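You will see chain A twice below: alongside chain B first, and alongside chain C after that.
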Partner chain A sequence: MLEVSNLSTYYSNIKILKDISFTVQRGEVLCLLGRNGAGKTTTLKSIMGLVDKVEGNINFNNERISKISAHLVPKKGIGYVPQGRRLFSELTVEENLEIGLLTRKNGEQTINKVLEMFPRLNERLKQVSGTLSGGEQQMLALARALCIEPTLLLLDEPTEGLQPSMISLIRKSVLELKKQGVAILLVEQRVEAILSIADKIIVIENGAIVFSSTAQKIKNNPKKLYRFIGV
Partner chain B sequence: MKRDLFIHLGAIALLFLLEILGIFSDYHQGNFARILVLTVYGIGYNVLFGYTGLLSLGHALFFSAGLYAAGLSIYHLDYNVGQALILAFCFSVLVSLVIGYLALRTVGVSFMIVTLMFSQIAYLCILYFGGITRGDEGIVIQQSSRVFLSLDLSDPTIRYYSALTVFSFCLVFNLWIARSSFGRVLIAIRENSDRALMLGYNVQLYKLLAVIISGTISGIAGASYGILFGYVGASFAAVPYSIFPLLWVLLGGAGTVLGPLIGAIFMFYLIDYASDVTDAYMIIVGIALLLVTLFARRGLLGELRYRFFPWIP
Partner chain C sequence: MDLGPYLLFASLEGLVHAAVLSLIALGLSLVFGVMRIVNVAHGEFFMLGAILAWWISGFVFGSPAIGFLLALIIAPLIAGVIAMSSDWLILKHLKYDPEATIIATIGILYIIQQAVLMTFGPDARPVEQPFNYRLDLYWFGFSAYKFFVVFSAIILLFSVWLVMAKTKFGLILRATQLDSETAQAFGIPISTVYSLVFGVGAAIAAVAAVLIVPIQQAHYLMGGEPLLLAFIVVIIGGLGSLRGTVAAAVLIGMSDGIISVFFSPNLAKIIATLFVVIVLLIKPNGLFGSEKT
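Let's look at the complex of A and B:
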């Protein structure tokens, strides 16, 4: 499904990502771990076409997407929930969802399907999104990304700053999407947040992959991973 | 009927009623005809600034594009009002397309400066080609040329209704934009253009469309002004005429459909009454603007929307 090979990304002339390669298959959750500034978000932005200078290949469903305009990437079926939610805070919950829809047909049906997953948003459809709680905003950000009916979802620290009940709700949603066959590329800093949902784990340090493994192996021997992320 | 539609159509109906019932004196009738045409200019500005979040300092270029296209075609080519309006419309679309395409290669402060520069170029061209435009002196369009469908547009009552008709069309069009999915994308771009891009919207194309719509409405306002008031002059292309619509929109409420009307009425009558009191009327105007900025920083209607009526588009 998603195949990233020898990806290098530059900000001006500074090389941020260095020859990164990985794949994510249908229904698989790949987790990118690493410290602040390691290059996790840059990896997601590179896939979304939001970085000016990219070398290497990014293929999605056997189609090269590393050279197409950024606004065309979501139309291929890739949803992105950036760090910090970034809602359209003056628009209502309903309008935020509709904005997510506008490039797709069968809008009402899709919104209803998404709202089934997040019933709390259903109660707040007419509320201005800037007035939602942090957890609800995260739900809305996720719901909006789902409105394009993605087959690959990029999530950048979706549980950051949320209370435990919200974290478990987000985790449940990710598992549900995984069950539906959506491929998920998840960026996290906290190991405990991902061990129960990830299939594969990659650790990035200074823009390069320094460790990769299956989640199962890590569960059996977590010390291996902790050595890299310093927990 | 939905309440937002009711309020906007109600505002139009009220403006018709004020005239039908003879409530306006001749003086206020003339003032309001002018305000309504200038509000159309404000509506055009609001599409770009209030909804899309692009601050232009050169909108006088678009206003004067319509003004001069209509004025010069009547003056030099003996066009009738209908032909002049069509030419002004087409010319405004073309100018907006070209300026938008070039100016949108920049963002933020650069966009402001580039639009200001383009408008200054247009202003200097009007002065330089004085043989055609009559420069500073301007052109007076004769009463005999200001007839449309057998209606004498220089007649104060017909002029008022004509201004109100143009205003009504533009207001309803603006309301349609505000309620449409297109308008929501513009708001999304204003709020966070990167996010809109990530959702699959061609942000650059939407911005260009916003410049074209904004510039064309401003051009229609310019053409209407020249035809209804019979004067086409270089002062309309100067910097103050790029600042006025910004002030009307800020005072009334950026990103509200009725904001430009409220801002234009407020500003017009504030200057009018303050100049009755003292020659240094700009001091009073300045203080009033300062107070509005301090206590209603979202503009008059914008503040009402924020505090009490969040459904106002």
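Let's look at the complex of A and C:
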């Protein structure tokens, strides 16, 4: 489904990502771990075409997407939940969802499905999104990305700053999407948040992959992982 | 004339001024709001609209209203296409860098100004009013065409608000204005949006010029003063705020009109500039500007 091979990303002339390679298959959750500034967000932005210059290949469903314009990437079926939610804060909940629907023709059907998943948003459709609570904002960010009806979902620290009940809801949603066959690329800093949902784990340090393993192996021997992320 | 009727006359003149100014400032504010660039060439698109209105109406014989109507359609279209071309040829390649685009739009300003000078010459060009009718307001007569200018500006402002608030295109513009990177991640082609906005901003300025040119003449240097006043309006209203732009245009336009009638146009400009300083000191984001702008 998603194949990233020898990906290098530059901001101006500075190489941020260094020859990164990984794959994510249908219904699989790949987790990117690493410290702040390691290059996790840049990896997601590179896939979405939101960086100045990339080298290497990003293929999605056997189509090269690393050279297409950023606005065409979601049309391929890739949904994105950016770090810090990045909602259109002065737009209402409904308008944010409408933006998510721009690439879809059967909007009403999609929006109903998404609102079924997050009924609390249904009660707040006319509310300005910037006035929602942190957890509701995260729900909206996820719902907006799901309006694309993605087959690949990129999640950048979706549990950051949330209370435990909300983390549990986000976790449940991710598991449900995984069950539906959506491939998920998840960026997290909290190991305990990902071990129960991830299939594979990659650790990035200074823009390069320094460790990769299956979640099962990590569960059996977590010390190996903790050595890289300094827990 | 007594003070009351004289004040009414000055207020009506100010209202016409405010109507045209709000349109010019609206174009400038739209471009800044969505693209985050300061278009120094905006006044030249206004001038281009006025010159084109004179040029187009010169081709039409018979009723001046036909020439005016044609100018009202064609001049903004040409100004818009020139603006979109400038965007594709220059601004896009600068990646809309705020500093670089200021220099680039200064360049566009001179290119348009000198091209008009070389093509149409330095003379001021009069354009006939589409209709000549004076309304008798008891104390004095007032041109019905000036009321038409105010009415047209209100219709256009309302239309822009309607598009921005109620249509999918408006939603796309507002999303791009709020976060262009995230907008791209949801399928919005921001370079096309930027190009359209730059074109529409210039076209609105050109509409304002076509409306005002039967009252004041068209001249290749006429873009400077409206640009200065539009900047004043946009800064006072809050960069990128449609509501603020209209409120500030009415404030500055009315005070400019009244002070110009009672005292002198220069004093009006001095007071408007001082008002900007005061607003910037008290509310740095303008009267209606949000924290982000």
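Of note:
In this section, the second predicted complex is superposed on the first by the 231 of 231 C-alpha atoms of A that agree within 3 Å, B and C clash if a C-alpha of one lies under 4 Å from a C-alpha of the other, contacts with A are read in each partner's own complex, and residues count from 1 in each chain.
Rule of thumb we're sticking to: a contact is a pair of C-beta atoms (placed from the backbone, for glycine too) under 8 Å apart; a residue touches a chain by one contact, two chains touch by 3 or more.
Source: prediction; values computed, not measured.
Partners chain B and chain C, once the complexes are superposed on chain A, run into each other and clash. Legend: residue contacts after superposition of the two complexes on their common chain; A:74 is shown touching both chain B and chain C.
In the superposition on chain A, A:98 makes contact with both chain B and chain C. Applying the stated contact rule after C-alpha superposition, one finds that A:50 touches each of chain B and chain C. Of the two partner chains placed by the overlay, chain B and chain C both lie in contact with A:90.
Using the contact criterion defined above for the overlaid structures, shared-chain residue A:128 touches chain B, although it does not reach chain C.
In the superposition on chain A, chain A positions 48, 50, 69-75, 80, 82, 86, 88-91, 95, 98-100, 102-103, 144, 148 are in contact with chain B in one complex as well as with chain C in the other. Chain contact summary for the complex, chain A toward chain B: residues 48, 50, 69-75, 80, 82, 86-91, 95, 98-100, 102-103, 128, 144, 148. Across the interface of their complex, chain A is touched by residues 181, 184-185, 187-188, 191-192, 194-203, 310 of chain B.
Residues of chain A that touch chain C in their complex: 48-50, 69-75, 80, 82, 86, 88-91, 95, 98-100, 102-103, 144, 148.
Every residue of chain C that touches chain A in the complex is listed here, in rising order: 168, 171-172, 174-175, 178-179, 181-190, 290.
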